[in-house]
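A single structure is presented below for examination.
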Amino acid sequence: MPRTEGLGAIDDERERFINRYRGIREASEQLCRPLATEDYVVQTIPEASPPKWHLAHVTWFFETFLLKAFVPHYRPFHPRFEFMFNSYYNSVGAQWPRSRRGELSRPTVEEVYAYRACVDEAIASLVGAATAADWTEVAWRLLLGMNHEQQHQELLLADLKQNLSLNPLYPAYREDLPAASGRQAPALSWLHFEPAEISVGYSGDGFSFDNERPQHRVLLEDFWLASRPVTNYEFLAFVEEGGYSEPSLWLSDGWSVLQARDWHAPLHWRLIDGQWFEYTLAGLLPLNGHEPVSHVSYFEADAYAAWAGKRLPSEEEWEQAAIGRDIDGNFRENGKLHPEPAEEGRRQPLQLFGDVWEWTRSPYGPYPGYRRGEGAFGEYNGKFMCNQMVVRGGSCVTPRDHFRASYRNFFYPHDRWQFLGIRLAEDA
Amino acid sequence: MPRTEGLGAIDDERERFINRYRGIREASEQLCRPLATEDYVVQTIPEASPPKWHLAHVTWFFETFLLKAFVPHYRPFHPRFEFMFNSYYNSVGAQWPRSRRGELSRPTVEEVYAYRACVDEAIASLVGAATAADWTEVAWRLLLGMNHEQQHQELLLADLKQNLSLNPLYPAYREDLPAASGRQAPALSWLHFEPAEISVGYSGDGFSFDNERPQHRVLLEDFWLASRPVTNYEFLAFVEEGGYSEPSLWLSDGWSVLQARDWHAPLHWRLIDGQWFEYTLAGLLPLNGHEPVSHVSYFEADAYAAWAGKRLPSEEEWEQAAIGRDIDGNFRENGKLHPEPAEEGRRQPLQLFGDVWEWTRSPYGPYPGYRRGEGAFGEYNGKFMCNQMVVRGGSCVTPRDHFRASYRNFFYPHDRWQFLGIRLAEDA
Amino acid sequence: MPRTEGLGAIDDERERFINRYRGIREASEQLCRPLATEDYVVQTIPEASPPKWHLAHVTWFFETFLLKAFVPHYRPFHPRFEFMFNSYYNSVGAQWPRSRRGELSRPTVEEVYAYRACVDEAIASLVGAATAADWTEVAWRLLLGMNHEQQHQELLLADLKQNLSLNPLYPAYREDLPAASGRQAPALSWLHFEPAEISVGYSGDGFSFDNERPQHRVLLEDFWLASRPVTNYEFLAFVEEGGYSEPSLWLSDGWSVLQARDWHAPLHWRLIDGQWFEYTLAGLLPLNGHEPVSHVSYFEADAYAAWAGKRLPSEEEWEQAAIGRDIDGNFRENGKLHPEPAEEGRRQPLQLFGDVWEWTRSPYGPYPGYRRGEGAFGEYNGKFMCNQMVVRGGSCVTPRDHFRASYRNFFYPHDRWQFLGIRLAEDA
Amino acid sequence: MPRTEGLGAIDDERERFINRYRGIREASEQLCRPLATEDYVVQTIPEASPPKWHLAHVTWFFETFLLKAFVPHYRPFHPRFEFMFNSYYNSVGAQWPRSRRGELSRPTVEEVYAYRACVDEAIASLVGAATAADWTEVAWRLLLGMNHEQQHQELLLADLKQNLSLNPLYPAYREDLPAASGRQAPALSWLHFEPAEISVGYSGDGFSFDNERPQHRVLLEDFWLASRPVTNYEFLAFVEEGGYSEPSLWLSDGWSVLQARDWHAPLHWRLIDGQWFEYTLAGLLPLNGHEPVSHVSYFEADAYAAWAGKRLPSEEEWEQAAIGRDIDGNFRENGKLHPEPAEEGRRQPLQLFGDVWEWTRSPYGPYPGYRRGEGAFGEYNGKFMCNQMVVRGGSCVTPRDHFRASYRNFFYPHDRWQFLGIRLAEDA
């Protein structure tokens, strides 16, 4: 990741850095407050790490890339934590296997909080004490570390949802989440976009990830974009009309996955005595048909689009629709932690930001001119640029102040444990 | 399991039953007192259940077979617990998969203790209130349930050892376990047994499992039996002389397992910087060569015997050696929770009881005349009589008052997470 | 395998040896005459080797243990054949993986026949030229090699049946096999056997495998033995009354296998438009209810017995029933290559020999006093003495002159690709 | 696939169609002439079908989409062949599993040739007898079927190479292939391409696959393209300098595959006594360093590029380099069936066509405006547009008259059994 970008919007005051740092660190712990100690530990699929691991891993990130690098004679909190809480940085060293993070009862939750406190104190000292020569790099790494922790806040919630969802008791993450809006989603309409040569990617002077850069020019033909995401009602029609048993609608790899995993509906749907329910962070609730469908894989999104006679947008088309829009929507700060029905009368396309990440037909790859960074930071994004698909727009568990219109998130086409939804497009 | 046996030693006082019940229930909780909440949750192999599951499962056993059966209008503590805590009783109903017991953060540990307390109270009432007509059956089921819970106490410790052992921090279950004895094991000698026709199996009027019955006559040729189990030093010679790389020593299936699982030493041995350590319930300790080798599979036991030019005893030979002996040895009540070096001058064969279960060459099967019981109780032992091998003698985590000389325990030949050791034999 | 046994019945004339050798070698090729070249190549499960491999492997056995050992300056037919056609003799060297024998198009069938011819010629020379000092060992190894080739003749037919059975064209091995007898099996009756102390195992001076020795004394209680094997009609009742969906009938491991492999009937049964068919070496035929059920696993045999309220006999009980009987039955020489309905009026128990191997409840293990041989011959039987069950009696594809009443064959409890059937027993 | 394209270049004479058909059919059989019957049968990986299957499948394609569709009362050659030889057309019906094509000894090779002859005769009749109304569709499907058979000719050779390569005898497909050229590859140089807006995709009136259409405009920045593919010598340096043990060079998924499959060099390389060999269709030969490296996966191509400090070209960049070039190179018609060293003095970039397919950094997806066809033809290409990468340029086993500059082939990033090589690119 280039070292000279991402700092423009931040003034010289180290004070502001340390305050933002503290706010983000506190937010992570805030998210965990409703948990029982036991909830911090379990992992039900390789992708969904335990909360305890998230809390420790983001701390290890600061410890490794800031404290070990810039604090003279820094003594790690515990010599084995690097092995246990390194996620995938081979240039740093070997790692405890990802799929087995739920096997570790120790360190205890309490010890992890002590680890966090200890690192926080050392970071505060470093911010105060860093030499002017070091400060640019320290500040850039802090910024990266804070964005990294915010990414893990989103993962923590989606992973937790996954890990609680399999429990026969259907436990709620929080009993006090606001009830669903009674709003009805407006009818779907289609927005026309003209052929255009547009700029894609980030070019500002704030923070962005390397995969959003460099900005580059792209030719787009005209197309139609759906005014809102696909709703549960719409997706239910696909389910009930046999969408999951008609191979002609599915990508070949998708059909294989569907059969191997015995998929019949989105991840968290449950059919109980003939009625559809959905597991949510508030527990098991009757399926709300007006909400955007969520927790569908790319394969399901693509099959739904085929069934509807449409297609998914490319990420460039999606970005064209986002140009010039304020970042506004149902993000984590909203406190719902669940997608909401679209609201009539808002700026179209509705729900472009927040609620659910929207699958695009674009495989995740490097933008023209992209170069992977050197060393560990080069492993942050670049090595995943294969076999995954781009999703755009953020979700109801994405921190709003972490999000940009150029933000590229990416998942395997079979993944569905995140808040992943569908917006349709069509050739003009 | 025949209903008329196992009660003879118990007089008519219901008081004695309830006291024994309370003692056993308390012992389970006592064993868990050193645990962190997180330790109650994890499972690292399908065989090694989390402590929380053990505590709930043994409770479910009493609830199902006593409270639901004999208490009018009994309302289960929680309707889903039957699904979650039934182990393998298909005649009772479906079960949460065994290999996924570590995925359940709920019920919490606290809720499990509440479940235990609630069932304990109801059992106490039942013991007082059962009709005379019911009492025989109630008493027999209580006795079975208590023995069942004692079995799970042993499993709980071995499972816990397994689940902590993979943790890079090598946590101790208890820091306050007594240090190893400095004793040296005496040299191995050989005891001769004459040809004989002996009675094998349980014939007393105390409690025994159905797999120990009926007692039957068996012809034995004469043989030699080792005066004590194989020690770590002896087994180390096998390791260091290439025992794990010489296929001719191994059973064909054993060699396949060794290769697939990359075995190079007993389960809990660790070679660190050229020195052998052993993970124990007291944490990682230097390997004590005088202790009996433990945590070896049948395949390893058999290969060691082949390497030593000996063989393993049959269970009938083992039982011949045990005739007329007092049950005395390093059992759980000893408080060591680890095998000890054999002690010169004690009655030979040394360490026949306690310390480590001893692999026999006998596949686990029904005794002549055995009949599997009806219904759920028939699933207790009979359905496992295939593909497993008999071990005899109990171990350092077996409750002494749960053990009999006729006790048959059984494991798959690849299992090694229990305290499993080796005693050699030889044809005369 | 002790070197001094198995030769008594054979006089000193080398002529007789070479004639018997030629007859057995010719029989293998005779069995393959109906095959298309393509049939020699395929393998559909790891257990079922291609005919080409069998023809080459038995040849390699003679080449390795006779020609390489006793012919000065012997030059192997091809340097890579040892790697390709060694089955499992680790003391000889590494092996091409068993499960991938169907991946080898070369050597061609023609080349394999050339290999056979070349080895046959060299064996004939060796028999003539061996020194008197060598002859004892040569003769013993020849005898073993011939018995080995006969074992593979049986395997070749069962494997071929397996490998053709999956083909959607249901090809017949031979179109000219005799039609099934129209005979009806007599009603099942029960034969009583008295308590006894009997001798089990081989004690004659003819050839026997090491696993049949040493003969030893065994105490048996009295029991009932079924007058004939279970028929297809009888087993069909088990199928149709839900035997494959009632877990209480099954061993725990059996129930797991049934679910994993989706078993609903014996291996070669096919339900087509509501009618049961059976794939046979003569192609797909309507199921003949009077024939003994075949191609069932131990798990199915045990579950059937549980359903019928009976049990399987032990191998000692089976051998007691065989004492003093002539070896007579539907063996391969009969030319049917399929089990036949039992025939009223023959000596009871009917069909004790031939037709189908009969599962016993006895795990395959060493007889008391058994010692595994040294070197490669020690790998012949001993290393398989774990996890398998003994079957007795031979089958319709067993060469009669290869069979003895003490013959122990053994398979994993999930195996069912051989001609494996069921005879019931009951405690007296 | 649109029905109105692909016919312009072909005049109205049905004679020309049937002649071309016969030529292509004959070419398939010509390719198989060197095979032993056994070679037609085996399959060593799911991707590499047996020759027999290819010969039957392409025939089934004509039978299904022409004879069954246009010949009144057509009676299929065999009712089960549709199940056995349908590859992946779910809209036609169920299929024998791809990974198990090597389990089928029947139909025999001879029967497959009879099937071919029978279908050929019926196709010739249909071409003569089709009504004028049918002819347009018949002609289009014939054209598709012929291109389909040519694709399978290439697959047949690459699959055969795979299937023979694992044989310890290293058999040659043909002993009479021409020896390698002694030519030395010229030094690598870099060709500069200007920024451009180009047309990508097919726009002619000859045959093309639907995935090459519609032609569309793309913006390209300037870049450098290597003058020739990477050679074995160059790739050997990567191997010997530890490229396969340095995770920082690899995509994350690539590193996982490398570890799981234990990759240390390109697929067909063999290190024997310290010398590198390569398995070829002419058997095992010393590695020729001047030839283009072949049989590397996308992961290896990408890692090599990272090691070299370069990148792979996009498919659009590749197509820019191909604009206006004659199709000329080392194709199958050359008779080498192996890549050759680049030749100094030829038009640059050298070896753009033929020799080896060149991995691009472009995931295989639909061109803007692409729509999947209806029914079975819609399954031809569209359902594979996920998880695969585009390769360009054809190979030494591609029929030249089947190839176009716009031709898009595609493989999974872990695939390496085809003739797949590397051309580097670099940002300007």
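Just so it is clear, A, B, C and D label the chains in written order, and each chain counts residues from 1 on its own.
The rule we apply is simple: a contact is a pair of C-beta atoms (placed from the backbone, for glycine too) under 8 Å apart; a residue touches a chain by one contact, two chains touch by 3 or more.
Small disclaimer: the values here were computed from a predicted structure and weren't measured.
Undergrad: Can you tell me the least number of steps between chain B and chain D, where a step is a move to a chain it touches?
TA: Counted as steps through touching chains, the separation is 2.
Undergrad: Name the chain whose C-alpha centroid is farthest from the C-alpha centroid of chain B.
TA: So the farthest one, by centre of C-alpha atoms, is D.
Undergrad: If you average the CA atoms of chain A and of chain C, how far apart do the two points sit, in angstrom?
TA: Chain centroid spacing, chain A to chain C, equals 59 Å.
Undergrad: How many Å are there between the centre of chain B and the centre of chain C, using C-alpha atoms for each centre?
TA: The separation of the two C-alpha centroids amounts to 38 Å.
Undergrad: From the mean C-alpha coordinate of chain C to that of chain D, what's the distance rounded to whole Å?
TA: For chain C versus chain D, the centre distance works out to 46 Å.
Undergrad: So which bits of chain A are touching at least two other chains?
TA: Counting only residues that touch two or more other chains, chain A contributes none.
Undergrad: If I apply the definition of touch given earlier, which pairs of chains qualify?
TA: Touching chain pairs, listed by label, come out as A-B, A-D, B-C, C-D.
Undergrad: Can you check the complex and tell me which residues of chain A touch chain D?
TA: Touch residues, chain A against chain D: 88, 90-91, 197, 216-219, 221, 247-248, 250-255, 298-299, 302, 306, 314, 361-363, 365-366, 368-369, 371-372, 375, 378-379, 383-387, 413, 427.
Undergrad: Considering the complex alone, what residue numbers of chain D touch chain C?
TA: Spelled out, the residues of chain D in touch with chain C are 36-44, 52, 78, 80, 83-84, 96, 100, 102-109, 163-164, 166-169, 171.
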